[in-house]
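In what follows, subunit A forms one complex with subunit B and a second complex with subunit C.
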Partner chain A sequence: MNNTRRTVLKGAGATATLSALIAAGALKPTDVFANEWNKAAFEAKDAAGALKGIGAGTTADSKDLLLTAPDIAENGAVVPVGVISNIPNTTSISILVEKNPSPLTSSFEFANGAVADVAVRLKLGQTSIVRAVAKADGKFYTAQKEVKVTVGGCGG
Partner chain B sequence: MSSMNRREFLQILAAASAAGFALDAPNVLAAGKGDALYELPKFGNVHLMHMTDSHAQLLPIYFREPTVNLGIGGAFGKVPHLVGEHLLKAYGIKPSGSEAHAFTYLDFVEAAKTYGKVGGFAHLSTLVKRIRASRPGSLLLDGGDTWQGSATALWTKGQDMVDACKMLGVDIMAGHWEFTLGDKRVMEIVEKDFKGKIDFVAQNVKTTDFGDSVFAPYSMKEMNGVKVAVIGQAFPYTPIANPRWMVPDWTFGIQDENMQKTVDEARAKGAQVVVVLSHNGMDVDLKMASRVSGIDAILGGHTHDGVPQPVKVPNKGGITLVTNAGSNGKFLGVLDFDVKNGKISDFRYKLLPVFANLLPADAEMAALIDKVRAPYLGKLNEKLAVSEGLLYRRGNFNGSWDQLILDAIMEVQGADIGFSPGFRWGTTILPGQAITFDHLMDQTAITYPQSTLTEMSGEQIKTILEDVGDNLFNPDPYYQQGGDMVRVGGLEYTCDPNSNIGNRIQDMRLKGKPLDASKKYKVAGWAPVGEGVTGEPVWDVVARYLRDKKTITPRKLNQPKLIGMAGNPGIA
Partner chain C sequence: MADPMKIRASIKGDVTEIRVLMGHPMETGARKDAAGNTVPAHHIQTMTVEVGGKKVVDGQIGGSVSRNPVFGFKVKGAKAGDKVVVTWVDNKGEKRSDEAVIA
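And then the complex of A and B:
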């Protein structure tokens, strides 16, 4: 464990942490916030509606879109999910939890060749497909994984 | 042949052959056949001994293997989902010998009387020393579930097992129930007791904040001129199957990608042999072996499967051997590799049953065990009741020990329905044997032992049964948790393991009447994973019941009706 780094970051506070991430290219606030809030997509009540909302009516599976998520969530309230797109010219990544009341959880836009690499913590109400959708050169690509949410206990 | 002289032995031998008895009765075995059983010719130049899931059983015990261990989907009819005769047939083990007794439930009571108790750290120690003597440089690997499972392990916070493992000469260890002692206690043992002696390894335990490794992912050792890497794999679902609040800052999971990176790193650093010391459970290990390449063997535990020979799993790097070494100190696995010119050319594997009658107790270890138990003997040896029937736990749906716990908690708590966790640890009691407090703790000694009485709707009850059923029968092993089905008292049901979550549990009935989805029922249980639950420790509840009954009649097991399981070789 790197306790020095942990202490430094805790001491520096959340703002510094965020700045560090921005400096590292993980977040591009201007790019993210410059866009209009996509009300239709974020308020859609099912996955099809959310996909339609972000313009991804048709998608293709892609091995270059890497989705990391646990097989079984340790805590459904904070499920760590990561998405990396190695598809050239990726301009956006969206993440859906298909069984959530509002499936679209987040949408990130990348400009000027920014590295398409995001990590979020999502709330899952129940076992669901988690889906990543990347946009590159006007086309939509997808990757998915089922994440199980369980009541726990009784193991071993 | 500890307490028998040569003349007595010859008399027994004569009597046995006159009566036409099988010649591997215990006394006969002790006089020399034991040597044959444990005579394992040295092979190759890399030697790994593997023990796992001893569940803190320092003394020899009885342990009955399951009659129900169903394989669903792709696991149908495959190892480890073979029971009884199916298992014997698959491995060419002769029926009604000592090995048949070790690996199956067949004729359990009679065979247990013939062959005696199994395991025990003093006897295991003798075997370990014997293997070490024939295989200089060999490593002893402990797959975990070592610091939990007995009264003394609970009361000493695992210290009895830590000291016993150091004396036994464990070199490298992985973990699961260890974590239920809490993160601070685990770190204290790893950083103080184990320092410079035992490497506690886990590639899949990370901090929740930055994802840093909590433990060394692997240990690199040099043996007879060969570099050997042992990668640790903790039980991936520890914070789900056990209380998460006990390890709040750690995250687990299977983590295939990180496993591959770790294997590649060990190879890049010169490892010629790479093994994983795993607490995944055998089905998860089999899948992992197909997805990750470059592992020579996965030495597995968790699911308590006594598997006589490794399964050879093909993957893009070649073949990975997958083993599982049973539980409760009953077995010691010995894996030999012959490494020539930096490559493994061949291997030998044997899963040796530890028959206490055939292996004299190691004096130093026996003394340590006596010392550990001495302060508690009065409490441990209290005879609570006598059991008329066989009491065991292992099996997918229920065991007679679990039924006894259910009967006790339901009666004491005045409940309609009882739930008892599907743990796979816990020793066996023969008909006529006294149940001591020590035995009761073998079934219940956990750090979250509260008994509970909860009002649950029929719908909630169904949700819980479906959820646990999916942890057991999901066709994808990565969604399984490796325990058995929650034991259910009072409520009758039908189970269709081949179905999907939501549809496996059917026709739930209480005293003949269908369960009402909206009605509330009183449910007795124990082992809550949530924080802050209060309740009397379950062992006190059950002890009261046993003292009151004095004689425990054979239990009537509440088992579900099964759909679609005819012809499954995972059920007797």
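And then the complex of A and C:
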């Protein structure tokens, strides 16, 4: 929980204060709202909607974005996926499972020395493209891999 | 209250590897139980990792993350003895925070 932000919001004339801070450049809007769950992106029903939800309207394929996932997952309920970005200044990594009912699985922002290297375990409802999206210097890069699922992980 | 997280943080060279296991059902809201009733969504939505008092990872996750999620992160510039604090909040407002020390 971001206590500073709570305190600011509780303060008198919170909106005015925040607007003033944003206008003054002391706070970027993304910093202020970083901790709010991105409902629109996570509830998007297709990959395009999810990408739009995280602000990645246009993306470029990148060989410096490494996605590791099994070729075949015997159990779609637990599929280990790793993403490493060697793109300089990578600030965030998101991972999508394109065929899942809600494709966006997770999104991570890095700061204060964190390396753009994340490992997660995902559910795959069916055989699907797994897509990693990295943000670096305001641009979005992607890498993808198809994972074949023999038993689904979304209760199917 | 949810089970305590298991957090391991070990330093190798200048990189600290942090692994976290969270005990959580991670229900998507789409699954049906044996009687055919839809199981309501219950999953973690936000998580943060702090090292030495500084936030290093700010994560948002959805129901597509597996049950009892496991995460791995890497951080540069930390040193042995620094405190690692991991916090999560789920869609029902439940939260849990646990800590470990870098070994």
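Note that the second predicted complex is superposed on the first by the 114 of 156 C-alpha atoms of A that agree within 3 Å, B and C clash if a C-alpha of one lies under 4 Å from a C-alpha of the other, contacts with A are read in each partner's own complex, and residues count from 1 in each chain.
We take it that contacts are C-beta pairs under 8 Å (C-beta built on N, C-alpha and C of every residue); 3 or more make two chains touch, one makes a residue touch a chain.
Nothing here was measured: the structure is a model prediction, and the numbers come from that model.
S.K.: Is subunit A touched at more residues by subunit B or by subunit C?
M.R.: For subunit A, the partner with the higher number of touched residues is C.
S.K.: With both complexes overlaid on chain A, does A:Asn112 touch subunit B (first), subunit C (second), both or neither?
M.R.: The second partner, subunit C, only.
S.K.: Taking the superposition on A as described, I'd like to know which of subunit B and subunit C A:Ile72 touches: first, second, both or neither.
M.R.: So A:Ile72 only meets subunit B here.
S.K.: Tell me which partner A:Val120 touches in the superposition: subunit B (first), subunit C (second), both or neither.
M.R.: The second partner, subunit C, only.
S.K.: Have a look at where A:Thr150 lands relative to subunit B and subunit C in the superposition and call it first, second, both or neither.
M.R.: First partner only, subunit B.
S.K.: If you stack the two complexes on chain A, which partner ends up touching A:Trp37: first (subunit B), second (subunit C), both, or neither?
M.R.: Only subunit C; A:Trp37 stays clear of subunit B.
S.K.: Both subunit B and subunit C contact which residues of subunit A?
M.R.: 1, 153-155
S.K.: Residues of subunit C touching subunit A in their complex?
M.R.: Touch residues, subunit C against subunit A: 15, 19, 26, 28, 30-32, 45-46, 48-49, 51, 54-67, 69-78, 87, 89, 91, 95.
S.K.: Mind listing the subunit A positions that touch subunit B in their complex?
M.R.: 1-2, 5-6, 68, 70-75, 80, 127, 146, 148, 150-156
S.K.: Which bits of subunit B are touching subunit A when the two form their complex?
M.R.: 145, 176-177, 207, 209-210, 212-214, 235-237, 239-242, 244, 251-254, 257, 302, 421-425, 463-464, 467-468, 470-471, 474, 478-479, 481-483, 486, 501, 527-529
S.K.: Mind pulling up the subunit A residues that touch subunit C in the complex?
M.R.: It comes out as residues 1, 34-38, 42, 77-79, 82, 97, 100-115, 117-123, 153-155.
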